[in-house]
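Presented sequentially are two complexes of chain A, the first with chain B as partner and the second with chain C.
== the complex of A and B ==
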């Protein structure tokens, strides 16, 4: 039997997690309930974040950054007018998660905390340079998205900590988007690509999903590519740098080899979408 | 799921052979291994825990040596289940030892693992990655035990 507890505040939730070491927090339940039904996880207690005020919705902070509450549903993220320009990538990713039922149920915090390597938010947030906020018995702390995933399904989130918010930099007036290759609409990605043009339009931020334990980004390769977006050789070299960092699995969605072959093609495809001038050149 | 690898140990083949058949050493080298007991000259019983992200599993395994040719080949079969849970794991294993030119030993292994039940649902892709990581930990510990405690 699993007991579900409904704390009213984050502090109560953290205290409950400390009281019940086997307990897990539950956000929207889109994944956790399915995993529980499949017998993959069991917990004596589930600590629902549902009744805690202040965890839902996207707000603009005084300095222009956006704070996404951990309990913000995918459907709300996918429809948010605040996610523009360089943050459109996050909005697009949210809109491509699974299906309407899951988007009405699942939350950004739940998805990020689960850290499924093939899920959509992690590459989008890596491309957007998001910062994750945790609250635990030792207090609050922030972790940059690129330091978050440490291994397959292993993250910087310690037992007893709760992911409370995802903070995004102020949106820049630069195009960004998200694209995934999936067997059927709504499936987890076989490989995915989150891409944003830099504010000057001369460079890229790119994160590849589903090709390793966490999203793949290479800032040095991005710096080398800056100013050379129209040079197919430079783009190919950039793609090769990301392929070299990839460590994909062989599974029902595709072989590791196939995934490695998808990375450069996705990059070329998404770049052409963001930067149509290149096509004409 | 096929898992294979090889590594070298800076110890002579006879010594490595003795150690691969020593349950007390193996329990210290296999990551997540809680116990190994010898149930007859050709069979062992082991308890091994594995954790992948949110999923924890604890297996009761029986390893049966099907044939061995001292001091270079062991062919074995592992079968086991996860307590009251519906996961069943089995694997066919081959272990080979060969002397190296420098007086050490090359150890190579192959295992063909199959998993059914709840863990099969989770997908073998991630388990393969995990298996590779566990193999690295095993090699590191095994090598350390043989080379340092010589």
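== the complex of A and C ==
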């Protein structure tokens, strides 16, 4: 028999999690309730974050950074005018998750905490250099997105901790977007690509999703590519560096080999999409 | 016997008490606890859309929603749409276009379509397809359903 608890504050939620170590925090429920229905989770307590004030919505901080509350729904992120330029990639990713109805339920915190390798936010947040905020019995701490995923479904989020917010750098004048290859509309990605092209048209930030336990990004390769974006050979070399970092699996959405073949194609495709956007701006 | 929890839900405009498992989904509560049968249990995984209901006017999956978090919110199922003229128009066009065959997806389709027309009175065909992309139909091939929604929109907002 699973009890559902509704703490009013984050401190209460952390205390409840300490009292019931086998309990699970629940955000929008889009994944966890589906797992419950399939008989894959059976915990004594679900600790709902639904009634905790201040966890919903996107706010601009005094220094220009944006703070996305963990309970912000995909529909709100997909429609947020605050996500511009270099952060458009996060907005685009939110709008491609599942379908309109599920986007009314699922939250950024829930999706990130679940860390499904084929889900859409992780590559988008990796491209945007997001920082995740956790609260636990030892207090609050921040983890950069690239240090977050440690192995398949294993993350830096410790038992007893709750993901409270995702902080994004102040939006830069850049063109950014998210593209995924999926079997049908609304499916998880077979492979995905989050990309930001700097305003001078010289620099790229790229994160690949669904081709390993976590998003793939290579800052050294990005630095080497700087200023050479119109050199097809340099772009191919860059893509090869990301392919070398990939560790995809064979599954129902595609073979590992197919995923590796998608990576360079996605990079070329998305770059071709962003270049004219930047030139027009 | 497992201990039940008592919930007070605002369902189709009326306060309704129901005793269910504390972690029951809204779909379990509606169908098994209250006998409200328009939301269908298809996949029970949030994929098929047959259980779609409106919470505070927004379509959500009843199978992925915990009943406990629904207290204090406005819940609507097809049973509560009888006096809604927009829904009546959608229903008539669904019948006329042949958008209803076995009927299992129809409640969910109609509620998603109703929400679409509330947000976008004259949607393009592509917008209709996108809005209904979370509702699966195994009979019609979708064309007749998209026709129905487009025709209803045209009639309602000439």
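The rule we apply is simple: the second predicted complex is superposed on the first by the 275 of 281 C-alpha atoms of A that agree within 3 Å, B and C clash if a C-alpha of one lies under 4 Å from a C-alpha of the other, contacts with A are read in each partner's own complex, and residues count from 1 in each chain.
The definition used in the following text is that a contact is a pair of C-beta atoms (placed from the backbone, for glycine too) under 8 Å apart; a residue touches a chain by one contact, two chains touch by 3 or more.
Keep in mind that this is a model prediction, so the values were computed, not measured.
Superposition of the two complexes onto chain A shows chain B and chain C fitting side by side, with no clash.
For chain A, the partner touching the most residues, choosing from chain B and chain C, is C.
Of the two partner chains placed around the shared chain by superposition, neither chain B nor chain C is touched by A:139.
With chain A as the corner point and C-alpha centres for all three chains, the angle toward chain B and chain C works out to 100 degrees, nearest 10.
In the superposition on chain A, contact of A:250 is made with chain B only, not with chain C. In the superposition on chain A, contact is made by A:154 with chain B only, not with chain C. Touch criterion met: A:115 reaches chain B, while chain C stays clear of it.
In the superposition on chain A, A:38 makes contact with both chain B and chain C.
Closest contact between chain B and chain C, by C-alpha atoms in the overlaid model: 11 Å.
According to the touch criterion, the shared surface of chain A, contacted by chain B in one complex and chain C in the other, consists of residues 38. Chain A contributes residues 1-4, 6, 26, 29-30, 33-34, 36-38, 46, 48, 50, 75, 98-102, 104-105, 185-186 to its touches with chain C in the complex.
By the touch criterion stated above, chain A contacts chain B in their complex at residues 24, 35, 38-41, 114-115, 117, 151-154, 213, 247, 249-252.
Listing the residues of chain B that touch chain A in their complex gives 52-55, 85-86, 118-119, 121-126, 128-130, 133.
Taken in their complex, chain C has these residues touching chain A: 2-3, 21-23, 25, 44-46, 49, 52, 58-61, 63-66, 68-69, 112, 130-131, 133-135.
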